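Alright, structures below, take your time with them.
Look at the two complexes coming up: subunit A is in both, with subunit B in one and subunit C in the other.
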Partner chain A sequence: MHNRQKVHTTEAQKAAAEREKEKKLQFYRQSINDVFNRRTRNEYDVLALKSSEGLLRANPDIVTLWNYRKDILLHLNPSKEIINDELYLTEKCLQVNPKSYSAWYHRNWVLDNIDSSADWNKELSLCTKYLKMDERNFHCWDYRQIVASKCQEPHENELQFTMEMIESNFSNYSAWHYRSKLFSAAGKDEESTKISELSLVESAAFTDPSDQSAWIYQRWLIGKLEPSKYIYKVSQIKNKIYLVLNKSLPNNYKIKGLGNNNWEQLDPKIWYTNVNNLDINSVEIIDETNQVIDGILMDNIRQDIFQLNISEQLRLVLNAQVDSLRQLLSMEPESKWALLTYVLLLHTLKLNNYIENCLKNIKLLKVIDTLRKNYYNDLESRYQIEYWIANNNNTDTVHLKGLGLTAFYHMHMFLFHKNIDLSDNNLSNSNLSHLKYLLMCKNLSLKNCQLINLNNFPALPSLEVLDLRENQIQETSCKELTKCESLKTIILDNNQIILQKTLHSITQFINIEIV
Partner chain B sequence: MLQKDVKLDNICKTWLLEKHIDFLKSFGKERNQYESNMMEFLRMSGMYWGLTALHLINNGQIPKEEEIFEYIKSCEHNNGGYSPAPGHDPHLLYTLSAVQIACLLNRESELPIEKIVQYVSSLQLKDGSFTGDKWGEIDTRYSFCALACLSLLGKLNEIDLAKSVEFIKSCQNFDGGFGSRPGAESHGGLIYCCVGALSIAGRLDIVDADTLGWWLAERQLPSGGLNGRPEKLPDVCYSWWVFSTLNILGRDHWIDKEQLKNFILASQDNEGGGFSDRPGDEPDPFHTLFGIAALSLMSYDKILPIDPTYCLPKTVINRLGLKPQTLSRP
Partner chain C sequence: MEDDLPSKYEVIVIGTGMTESIVAAAASRIGKRVLHLDRNDYYGGMWASFTFEALQKWLDECRNGKTSDSLKSSSPLVQDGEKSVNIGNQFSTVFNIEEKWFIPEKLPSIGNLQSAKNTQTEDSPKEIKDGQTESEEILKQNDKLWCQAKIKTLGRKFNLDLAPKLLFSRGTLVELLISSNISRYAEFRCVNRILTWQSDKLETVPCSRADVFATKNVGLIEKRQLMQLLTLCVEYKPEGDEFKGFEDKTLKEYLESKNLTENLMHYVLYAIAMSNDTTPCMVGVERTQRFLSSLGRYGNTPFLWPMYGTGELPQCFCRLCAVFGGVYHLKRAADSVIVADTECKAILSDGSRLDCDHLVLGVADAPPEFLGSVPKAGLSRGIFILDRSISISDKESLTLLQFPIKGKEPITIIEAGPSTHVCPPGLYLLHMTTKQIENAVQDLKPAVEALLHTEYADGITSRIDTDTQSTQTTKEGDSVASKGDSNTQYGLLKPQILYALYFNCPETSGYDLSQNVPSNVHLCSGPDLEVDYEFAVKQAKSIFSKMYPDSEFLPRAPDPEELSLEVDEAAGPPFQSSEEPKEE
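Then we have the complex of A and B:
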């Protein structure tokens, strides 16, 4: 039912179409009843096989007919000729509907289960032929992977094939996808691959800067260059030691230290253990071969947690790409994909003054790509918060005031901070539940954050003073605050009289300060 | 290269509620004999699409409830599976549709639950994947069917859930999306199936929400419509597959909802009601459900709220006590 254009017709045409439909309907009912009757009579011969051909050629999606054919083929012990006819039928059906799941599967099934001398190499050529006709047919691409593994086609050849497809049209996202899989499967994650892929993708992207396929692939390559360190900080809160990570641990990694206690997970990026042996004052992360991946001393903070650790050669290649992007942007200043990639690269490499440059260009992205402006707002928030973390070693106070934040990224990194200032931001649509990580926070300012309610405000155990001035909070949502057991003072302004009254009525222990 | 998209100039965008109700009610009537017969190979799903859409815009009212339930019964098979129509073979796709319709009618307890559970769990393979029927086709669509079907019946513990999740994880791609099998390309529809299944399993931690959310946001074209893969035309059904996934991931604000609404409304059929894949094409129940369901996620008009994971009315999901996982906004 896809791509069927509606045609406007006269009454006479309508009547003719009705008669045509009636004829087709009768043919369909007769044919399908004939097939079903044969099946009920357990007929498993060539005639039975013939009976469903016409129906399938008209509609290859009638799965039950393929099933009956499978039953027949299993009974028949068919000759090579019958098998070839069967494969030919699937080819014909795929011409009618190249996206027919059941026709693709039937072909695969016949080769797997019926054809004892299946020619998978021929099948691979057929895939090549089909993909040259319809370069984005994902059914065929997916089938090709099955076929390539059956005939043990070397990864090199398949990479070469994707290369040919990309060279004939850079915009072939399916081919880029297949490349990503081939590299992962071949375990080719080394730097030389990254470098050669980056240069391939650069020439593709520069040939047609408005085509997104190559840019998405490039974003992946850049994204793979993530900071290598895991641990941000380890510290004690009451009788527990908390470990704060920048990224989740792979399943086979272990945490070691502090007397090898059992570490439990609070969140993928936060682990904790009970205090028992404080003689050891460092924590390490070890991989499955017992190699130390990362380590940190108690109470130390790793300020360069977002720094990239790459070779000089790769850094040179990436710096050269930054220069090329600058050139491209000087010619086409509103090329969205070039601009976005430029921002991502600057942020990844953390070149001089990168934050000003990133923010300036994100602002431009919001204008030229308005459909996704909220995405850019959130991206900007993430960059701002990361920048603060990377440039502050103050372990008590967080200053994120007036940064235009729309999203809470990395809040778990503020687990140990006592004073957190988030005032003058735009958090109206964010989810306050992200504040749940602020276990040590005593003073929290959400002044002028355009909040309209306090839904999902978490039970913060240490929170004493909460500044809510200059927000339009619905009083019905403030019950959440009673879950904060240490809360002593809430600061409001003169325009929040109703909120003030409601808060008074639900708790006697909280002091309301009007400023 | 020109971007593939459609133009929406001079297309009527008024909401045609009454016409949609008429369109949906016309299925199963005499004048649709031809379509009904030619589409019988997927009729059970067709009924789920039509009835869910009707429920959402007709105040939860569905006519001929008894007849519908009788039809489901007529498609029941001894092995516990359901076929799309009598005479056809049972398949996981239609088993889910049958269970969904029964839930919509508040009659799921009258189904042979033990047998259905037996059928669905028999289709799970060692690696955690599911086949669509006994003939062995593996696809992540079937992982969703199995998890949705069993959880609707309160029997999710009857399969190896951890393995199911592991298989879905093995279908994850460089762009954060998912394909039909390990190695297969990301595709809006299959992403919905995988993220939906993970939402049911409570394992959205598998998903890289920022990477996938961005890729999904890039599916929106200047016309406001969403496509399912890069450099493809927009289609109303991706308004559901892509947009509901963004909802599950807490990233629905990363696209422009007003523009999406416009595109969906432009894909209505002004004459007989219903929605088509894109403006000017023939309408059908499939696109009608997914157009209306997407509008429901945007609280449009008085359309009843829909659950982004199950694609069933929220009232049904609440009645069953189900709480599919969703992520909060960043």
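Then we have the complex of A and C:
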């Protein structure tokens, strides 16, 4: 109620209201006690059913009452009439609170468990009617999904229905979401659907770029694109062979090669096996029909590991979308969603010079959408790291210095590197656990990384030299380092005298260098 | 001749047109004694809706003039110092009547059977119920072929408007209907389609956000441009400087400065701003605002259309007037107005003298000397009965089309179908209105030729049947003749005119009607050119405030249940459900 004059109530009015309230409360207590007493007496009859009806019609969200009704109905072996009354009650309750979880659930439960001749088709048309009146009630949308699957409504019809709803108002997350569900469930060739859905989204974007719902659906469509390859690299460390993947393997896929199918998982994306004396030169991934999905030669690096699986036809469509987004941005340079989608698409398609373009626009996003600055920082970090991985085949040294990284991604791809320079970034100790993959790393630089403690620093078996200069690390937090068995040298600067003393007291075997 | 009408009133209203009826209701609502007369046996005057038969009768009267016998200039009822001013004959105000059938009187050959049935139903009016369903059945059996007899049999299903108009969903009439609680007397339908005529074809104009999203008529960039422009107009405030420098220019010039595509220019200028090439920029912006602010209240277009025709609306106000004690007498003409000095004292009607403080007159009932030099020319009207919609779509549409004509006012076209109860199933009604330049036939010719099939239909050959047609035309009917080679096909798809009526009537909205009248006489214009009722409401308000400057104009009328009547309330059982929540 906006803009209503508040009128001071008189004492008498107050007292009257108070009395009224008291009366109501009294009545409520009586009724609910009555219901609970019946319940403790194990009364499962029609009278018991009636006893909670009034309470629920006033407040449909007392879950306990619904549960008692369920018990009664299960005992009662109710007639069709009682079932219909029960359904009618949920209808009435939904009028009181259209977003009552328990009322929606109860309706579904009754039809599912009590009503042997449940008319799901009628429910579906009720949902349609309801959604025409309350188009964005996600409870009803959720319920509709259940109902549609019960009466095995063809996906086409449901897609058609969501389309009608979107055409009357496309700002409807539930409708878009249901479409995504329907497409996923259909599992059919998605290429053409994806293309037509993309053009739908484009139309929404140009009609109202500030409406998020369609943009989010578009992110889902683009996000479904998968990398084309699995394997990044296979190599040996001591007596084990390690296989580094870009995405985790589906259950029906197997690793084959090196005369050994006995691979174990260290991490969803890292597998290893013990070295046999056989000649080892390649590893393959096969599916259940022994079809080769991916394969790589020993010690080779797959540089285009982040290339996505995009058909020529879809690529054309996405390229056209990049062009139209450019036009949209020329008309609405500050449209956050247009800009973000532009960045995502550039990165998806990896056109020439995409990285400069992405970084430039992420910078802009941080300015126009300051509330999500940290999200953009992390996105930028991911893009920087992926770009480095895709453009360097140096197996010894990682150079991610001064890139403003705020988060680590794909660190498992640095499993085999010996020298890793992460200096001059904006990290925090929460990122440090990601360093656990650096099994071969001997020299690690975290110089000038804004670190204030070393909590979560992992036990790195090969680490010999750790550079911690220009951080503000507190004394209490360096016990972690003693777990690194090979650590010989820690480099500090003159400002870290206290830290130096602490380190000395903890580890006599580590040489501390002051620079 | 004596009758038992009381002889003294505070307000006498003559003519039941829109403006007159609103004034009558407003006066009655604040407790004034109101007498409301109409010389016709129907409500509405030039704002009426007719069945087909009533229309024929009206046309006869227009052509022949009604015999007005009583011309008593010096009646004993006129006192000393008073002067009697004779009231003229309204039917001289409708002219250039052209009526034409495009179908045979009766269907030949196969029609014999049906016409036999038709006569049967006509002969037995007692079985009117059965007769109607039977005639509907005939209609179904053979609904692609039409004859005059068939139309006449179904004549009662028509509500043919003399003054077809739409209501802006946020216009003054809708607000008035709501605030005064008169809305309960009427039912409305949303206009669901705005069409325009561009490059020789009909197109659906995207006017709401949902339309812009769904339309395939405009490209992506155009969608953004259109939305930007519309947002700009909605948010426009006089102190902003978006339109600086265009104050003296036309809307067209402004739109050109925005580098819009020709397509968008057309949509905005002719359909959304409801303007033409010479409309001043700020007028156009105001119209655009009005259009857009009415969007989404009741539907996807800004307009409402009264069910059963526009003739319902004056009657709603009359009803309120009567509820508050207004006295009604149809088929009762005023013969003359009695004037003393510069004041109207009374009217003479049917030999009685009826005194009044204020006299409200429709222009059609005004004495010629009150009217002065009011122009006779004004509107060119066309009413067409068609066998299908001008642009067929999946569902029955209610359409507004402003048909642009270079260098002239556009032709306003409203098409309504059977679901609004203005015509029988299987037919459509098309109304055309424009400013009179020559005569109705000539003025409406461009739109008639572009949209309608004007050849005589012999009643034997059936053109493409409507059912298959809807599958041939694209959805929404957005570009019926988009392909060049389908022109011939479009020719066949055009609706066939079954019956056409053209006429001209005066348009006095631009004329100051208070010039030649006594100070307590108030003249009401007839229907104006605009598509809406803004003018009528404004005029009614201004007449009312001249009569009763300190009174509220049509305050909310109480609902029946809000009135406590001093009768025994135990007339029937309470109408309420027995299963209220227990707590209450």
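In the analysis below, the second predicted complex is superposed on the first by the 432 of 515 C-alpha atoms of A that agree within 3 Å, B and C clash if a C-alpha of one lies under 4 Å from a C-alpha of the other, contacts with A are read in each partner's own complex, and residues count from 1 in each chain.
Criterion: contacts are C-beta pairs under 8 Å (C-beta built on N, C-alpha and C of every residue); 3 or more make two chains touch, one makes a residue touch a chain.
Source: prediction; values computed, not measured.
S.K.: Which of the two partners, first being subunit B and second being subunit C, lies in contact with A:R57: first, second, both, or neither?
M.R.: Second partner only.
S.K.: Regarding the shared-chain residue A:P268, is it in contact with subunit B (first), subunit C (second), both, or neither?
M.R.: Only subunit B; A:P268 stays clear of subunit C.
S.K.: May I ask you to decide whether A:L328 touches subunit B, subunit C, both, or neither, giving the answer as first, second, both or neither?
M.R.: A:L328: touches subunit C, not subunit B.
S.K.: By residue count, which of the two partners contacts subunit A more extensively, subunit B or subunit C?
M.R.: Comparing touch counts on subunit A for subunit B and subunit C gives B.
S.K.: By the touch definition at the top of the document, which applies to A:T397: first (subunit B), second (subunit C), both, or neither?
M.R.: After superposition on chain A, A:T397 lies in contact with neither partner.
S.K.: Which partner does A:N495 contact after superposing on A: first (subunit B), second (subunit C), both, neither?
M.R.: Neither partner.
S.K.: First (subunit B), second (subunit C), both or neither: which does A:H177 touch?
M.R.: Only subunit B; A:H177 stays clear of subunit C.
S.K.: Is A:Y28 in contact with subunit B, with subunit C, with both, or with neither (first, second, both, neither)?
M.R.: So A:Y28 meets both subunit B and subunit C here.
S.K.: Based on the superposed arrangement, let me know which partner A:D208 touches: subunit B (first), subunit C (second), both, or neither?
M.R.: The answer is both, since A:D208 touches subunit B and subunit C.
S.K.: Which subunit A residues are contacted by subunit C in one complex and by subunit B in the other?
M.R.: Overlap of subunit B and subunit C footprints on subunit A: residues 24, 28, 208.
S.K.: Quick check: in the complex, which residue numbers of subunit A touch subunit B?
M.R.: 1-6, 21-22, 24-25, 28-29, 32, 36, 59, 61-64, 67, 70, 101, 105, 109, 136, 138, 141-142, 145, 171, 173-174, 177-178, 180-181, 185, 208, 210-213, 216-217, 220, 223, 248, 268, 370-375, 378, 381-382, 407-409, 429-431, 433-434, 456
S.K.: In their shared complex, at which residues does subunit B touch subunit A?
M.R.: Listed in rising order, the residues of subunit B that touch subunit A are 1, 3, 33-34, 37-38, 41-42, 83, 87-89, 91, 133, 135-137, 139, 173-175, 179-181, 183-187, 205, 211, 213-215, 217-218, 220, 222, 224, 229-232, 235, 250-251, 253-256, 259, 269, 276-277, 280-282, 284, 286-287, 328-330.
S.K.: Over in the complex, which subunit A residues touch subunit C? Could you list them?
M.R.: Interface residues on subunit A, with respect to subunit C: 24, 27-28, 31, 53-55, 57-58, 167-170, 202-204, 206-209, 324, 327-328, 331-332.
S.K.: What does subunit C use to touch subunit A in their complex?
M.R.: Within the complex, subunit C contacts subunit A at residues 209-210, 212-214, 220-221, 223-225, 227-228, 300, 581-583.
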